[in-house]
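Look at the two complexes coming up: chain A is in both, with chain B in one and chain C in the other.
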Partner chain A sequence: MKSQIVYKIQRIFTNTIIHLLLLTVAVSCLYPMLWVAASSLKTQETVFKDTSLVPREWRFQNYVQAWREGGFGRHFLNSLVYTVLVVMGIVLVSSLAAYGFSRLEFPGRNAIFYIFLLAMMIPVPGSFVALYALLNKLRLRNTEVGYILAMINVGLSTSIFLLKTFFDKTPKELEDAARIDGCSKFGIWWNVALPLAKPVLAVVVVFNALNVWNEYLLALLIFDDRPKMPLQVALQTFQGEFLTNYPLLMAGLTITAVPIIILYLLMQKYIVKGVTQGAIVG
Partner chain B sequence: MSFQRLRSTLENYLFILPAVTIFTIFYIIPFFWVFQLSLFKWDGIAFTKTFVGLRNFMDIFSRDSSDPLWWRSIAQAGYITLFALTFQNALAFLLALACDREIKLKNFYRVVFFIPPVLSEVVVGMVWRLILNDIDGANLLNRGLIALGLENLTRHWIYDQHIALTTVAIVHSWKGFGWGFLIFLAGLQTIPKELYEAARVDGANAWQQFLRITLPLMVPVIILVGILTVLGTMQAFVLVKTLIQSEVAGSISVPVLRILNSMNNQDLGFGYACAQGLTFGILLVIISFVQNRISKKFSSL
Partner chain C sequence: MFKLVSKQIIIGLLIIYLSSLSFLGCSPAKTSLPSSGVTVVVWHWMTDRQPAFEELAQRYERQTGTRVKFELYAPSEAYSQKVRAAAQGENLPDIFGILASKKDFASFIKAGHVLDLTPYMEENSGFWRKSFFENALKTNVFVQDDAYGVKPGIYGVPIDTMVIQMLYNKKLYAELGFQANNPPATFQELLQVGQKLKGKDLQGFVSGWGEYWMLDCFANNYAFNIMGKDKVLATIRGEIPYTDPDWIKVFSLFKELTDAGLVSSGTITMVNKTAEQLFANERAVFAFNGSWCVNVYRSMNPQLDYGAFMPPPISDVYPMAIWGGAGSSFMVNARSKNKEEAVRFLQWLTQKEQQVFLAKHTHNLPANQQAMQDISGVLSEFAKNMPFVTHPNIWGISEFSSVIETFDRGLQSIILGQKSPQQVAYEVQKAKEKELARKKAQ
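On to the complex of A and B.
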């Protein structure tokens, strides 16, 4: 009887500690971005003095100013266009290739697939130097097309791998039926295979969207012209010019972070799936 | 008939053609160019490159190398990596253990812990810079510590060059632990509950269950997370750039920043940057090879 009480007290005690730990970490994850979002509505004078999460007055004109004068409107659109085009490119190119590697016969199939796989595993920290030189030579540096193609390449290997693994596990009956009905190979890929692959395509879309929106190094190397830059690089140059205007910088940070947080919250299920699958890939 | 087969095979190649083209131009060619360029002295602009053989590499390994910060930058990336391997992964594991049970708000925690990983490094670096900077006595962390009566823990987090590297490591861990957390949690959920029940019947307490069941079964997952942590952290650079910027410039750097620096440096140039990149890449391959070896040894036990 007594031991049961001790056991119960012990249980309550450990549960409290566990909850305290979890709560502390959760608050630390939420607080920084919440504080920046709240402070983006304050004035330059009060931004560090008033540290509350609810600003006394809501200066939405900070956002208007950041959007227009700070140029965040332009960079936001840039980021959006790059993300959408790159993700569309990756979905098309990688699903075509994955379908080919999984379903079609041609000499060198496995060898070529293994080269893609190998690229996922070998780190080449200097390759951006060579890529810079190559883009210069192709006159693709400082162009939107160059950046979009380079970013499609970044997401290609992993996406092909995820999709090929999916196609390998999927039964072929539907495709066989379509073939008997006289559907072409591309028709089968588009009308049968892609709709079946929707759950994996969602993982591919979410991860690549996160990756492109947050990308920094290639954008830094490729773009010289300010109007072409995506948000991540623009934030850095902005910091140099409007050094002392903290609420504007905070508005810019919020504009950059909020879309990705919304995407994450909406597509949360696929992120969990992608992380665990991606871990198996590694 | 055979013409039709040829046609069919060519059609099959069309499926991989776009991927192979993009991959060749943007991955394979730069990959081989890195090796080639590392043997030249070239500023990246001039029409002619000067062949220098292995001199770039000899310079990197020489006593008075042209980039005196290079090896120190590797050591500093190593420090951040060690911090992430131990502190960050231990925290991730602990939190995963805490969430691998019937507990309130479990899904809330799962969602929240992955918010730092979805933010970009630029945003994370700049946000923490705003929190930790000393302008106008801003430093929210110090104010919090003072409010808690922990005045002797206050620091100039990003201005003191003895602290700044640890600050980077902590913020890096804050940003990254969510990955490990999700992978550990997925791993824990694959352990059959019957094992624990059987152990409990045999009279094993919670600690014994953890040591005899959870830990051994999680070794492959722990090593996997370890490998991902090393490869990711060693190549991180944006946080250093955005969080501490110029205050401690020169005293704190990481390899990718040095490569970028060499690239923009007239005296060193693209060739030297490629040689540094290769040296570093080989080091990373060796590290992950050793880690793989260790993991094989463990899983055969």
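On to the complex of A and C.
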């Protein structure tokens, strides 16, 4: 009886500590988002004076103004197109490549794979000038195709690594059954490997979508024409060297965060599965 | 059958994907130009000036038929990267700005990216050149036998100017018992304000001293006042040691400001944006900031009642000097096929009428001397001290970066109470001697 009470007390105490810890993490994650949302409804003057999370005056017109002044309509569509096409490109190329690295025997297989891994170590800004020169030579600078190809290239190495790790763990016997049924290598990749890799693909989709949606440095470098630029570049309109229009910047940030939050919520089931299945091991 | 369907799906998806890419690829690679006339493309990073620039571009097109397209790329760090990459690929626009040190500016000139504007400046007995503030133009001038090795000439056009001075909150200053319209006239008067601050929940003095250059600027102002320009430049040349009593005085003034309670340890890690927020929100009596602050404070707190004044001098032997000069400049692409039109546009942009328009809409000081007559408010208080402006970029000689770093770190140590002015002077001199020895060995 006594030991049961002690056990209960211990459990309550442990649970309280764990929940307090989780609550602290949740608050520290949510607070910046709430601050952004609250600041987006304030004026430039009150954003510094009124530090509460509930603004005294709710200026919803900041959203309209940010949308109009930042030219968000066009840029929003651009970002949407770039994100969809880049993610499709990455999923297509990386899943094929990862499957090849995992299942096919060819000379230099490991060396090529390690070269891809090495590419993960190079930060994108480090390759800016080389990338610029390459796109310039290929006459792809200041074109949407150039940007999409460059962004596919940026996301490939990590995605190949994730997918290859997953394919390596998948039993080959599953594919043998398909092979006996007369499936080609390509058919096995499409009908067996890809459906099995859904959770990892979800991780690849979300990580890369997030990366493309939030990218602006490469876009700024590749594009000269403002109408071709993605949403994040439009946000920079509100951030000058000396002057930052905080309410409009925060309104813009809130607008840009919404689609990615929706995507995450839609795919969170797969992401959790992907993570628990060891998709992002290493 | 199953195999066939799956293949068809894959091929279908690939076709959709590739056709989307080809559709996007149909858009022209270059900026679309109107069928008639010339379009001058200008790259810049000044987000606050975009509406004013666009308005001026429309006016110019109405007057001349030449279209001017201002392309904005911000933030400034990303803009700098874009300009460097474009220079490598020889894709620079007709007009652009270089956000870098004079040494980097020189490397752009040496690579043939920047047009020498001297012949245009000297047309009609130097009419265009004479329209600018001399110190604003000097930032873009390279002279014979300077350290940069560039053919002497004028390589940029200042669009506006800036001056870094002291600012004070008139309301808070009056609440401390001083006359609102009489800011401290001497360094001793400034220190006296610190005495009145004791026990008050107010900061005395704020500035972006976490950014070394602002700290450097303040120290240099007083170095000019204490020992004069010639002695400062002689120190940089290595002819006078930093342990000279005049330099000890310069280092000591930071101790005096700290001891008086005007400067706190937080100031040394403060970035200028934080300092601006504190001053705009009436949390500090004094600030040390550039004339760009007029636009910043106006945006943060339109009701802020403040004034600008020269840093109060310590000595009356030499005049006080303040950092200033060109705020932002435009350069013409030497390889541009529109370079003549680009120069003509810049000549128009820097005429009095356009400069007054820019100053009124962007709250920055104009580069054209005549336009300064139409400036009012706090901006005019900044403007009146233009004759005292100096800047390291126009000295023709520059201090070793390691010496500047030791100098600035030393000043921070004095404010923190970790080192004495004498100790810092000794350390700076050691760093200087090390660099001089290395240079001699080369």
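The working rule: the second predicted complex is superposed on the first by the 173 of 282 C-alpha atoms of A that agree within 3 Å, B and C clash if a C-alpha of one lies under 4 Å from a C-alpha of the other, contacts with A are read in each partner's own complex, and residues count from 1 in each chain.
The rule is short, and it goes like this: a contact is a pair of C-beta atoms (placed from the backbone, for glycine too) under 8 Å apart; a residue touches a chain by one contact, two chains touch by 3 or more.
Nothing here was measured: the structure is a model prediction, and the numbers come from that model.
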Which superposed partner A:Pro125 touches (first chain B, second chain C, both, neither): both
Touching partner for A:Leu85 - first (chain B), second (chain C), both, neither: second
Partner chain(s) touched by A:Ile148 [first = chain B, second = chain C, both, neither]: second
First (chain B), second (chain C), both or neither touched by A:Gly187: second
First (chain B), second (chain C), both or neither touched by A:Asn245: second
Touched partner set for A:Val203, first chain B, second chain C, both or neither: neither
Touched partner set for A:Arg139, first chain B, second chain C, both or neither: second
Which of chain B and chain C A:Lys228 touches, first, second, both or neither: second
Superposed model, chain A: greater residue contact from chain B or chain C: B
Which of chain B and chain C A:Val36 touches, first, second, both or neither: first
Shared chain A surface residues [contacts with chain B and with chain C]: 48-49, 92, 125, 128-129, 132-133, 136, 216-217, 236, 239
Contact footprint of chain A on chain C as seen in their complex: 2-3, 6-7, 9-10, 14, 17, 20-21, 24-25, 27, 29-32, 41, 45-48, 50, 71-76, 78-79, 81-82, 84-86, 88-89, 91, 93, 273, 277, 280-281, 292-293, 295-296, 299-302
Interface residues, chain A side, partner chain B - complex: 18-19, 21-22, 25-26, 28-30, 32-33, 35-36, 39, 48-49, 51, 92-94, 96-97, 99-101, 104-107, 112, 115-116, 119, 122-134, 136, 138, 149-150, 152-153, 156-157, 160, 185, 189, 210, 213-214, 216-217, 232, 235-236, 239, 246, 249-250, 253, 256-257, 260-261, 264-265, 268, 271-272, 275-276, 279, 282
Chain A residues touching chain C - in the complex, by the definition given at the top: 44-45, 48-49, 81, 85, 88-89, 92, 125, 128-129, 132-133, 136, 139-145, 148, 182-184, 186-187, 190-191, 216-217, 220-221, 224-226, 228, 236-245
Residues of chain B touching chain A in the complex: 9, 11-13, 15-16, 18-20, 22-23, 25-31, 33-34, 37-38, 44, 91, 94-95, 98-99, 103-105, 108-116, 118-123, 126-128, 130-131, 135-138, 140, 143, 174, 178-179, 182-183, 186, 221, 224-225, 227-228, 231, 235, 237-238, 242, 255-256, 259, 263, 270, 273-278, 280-281, 284-285
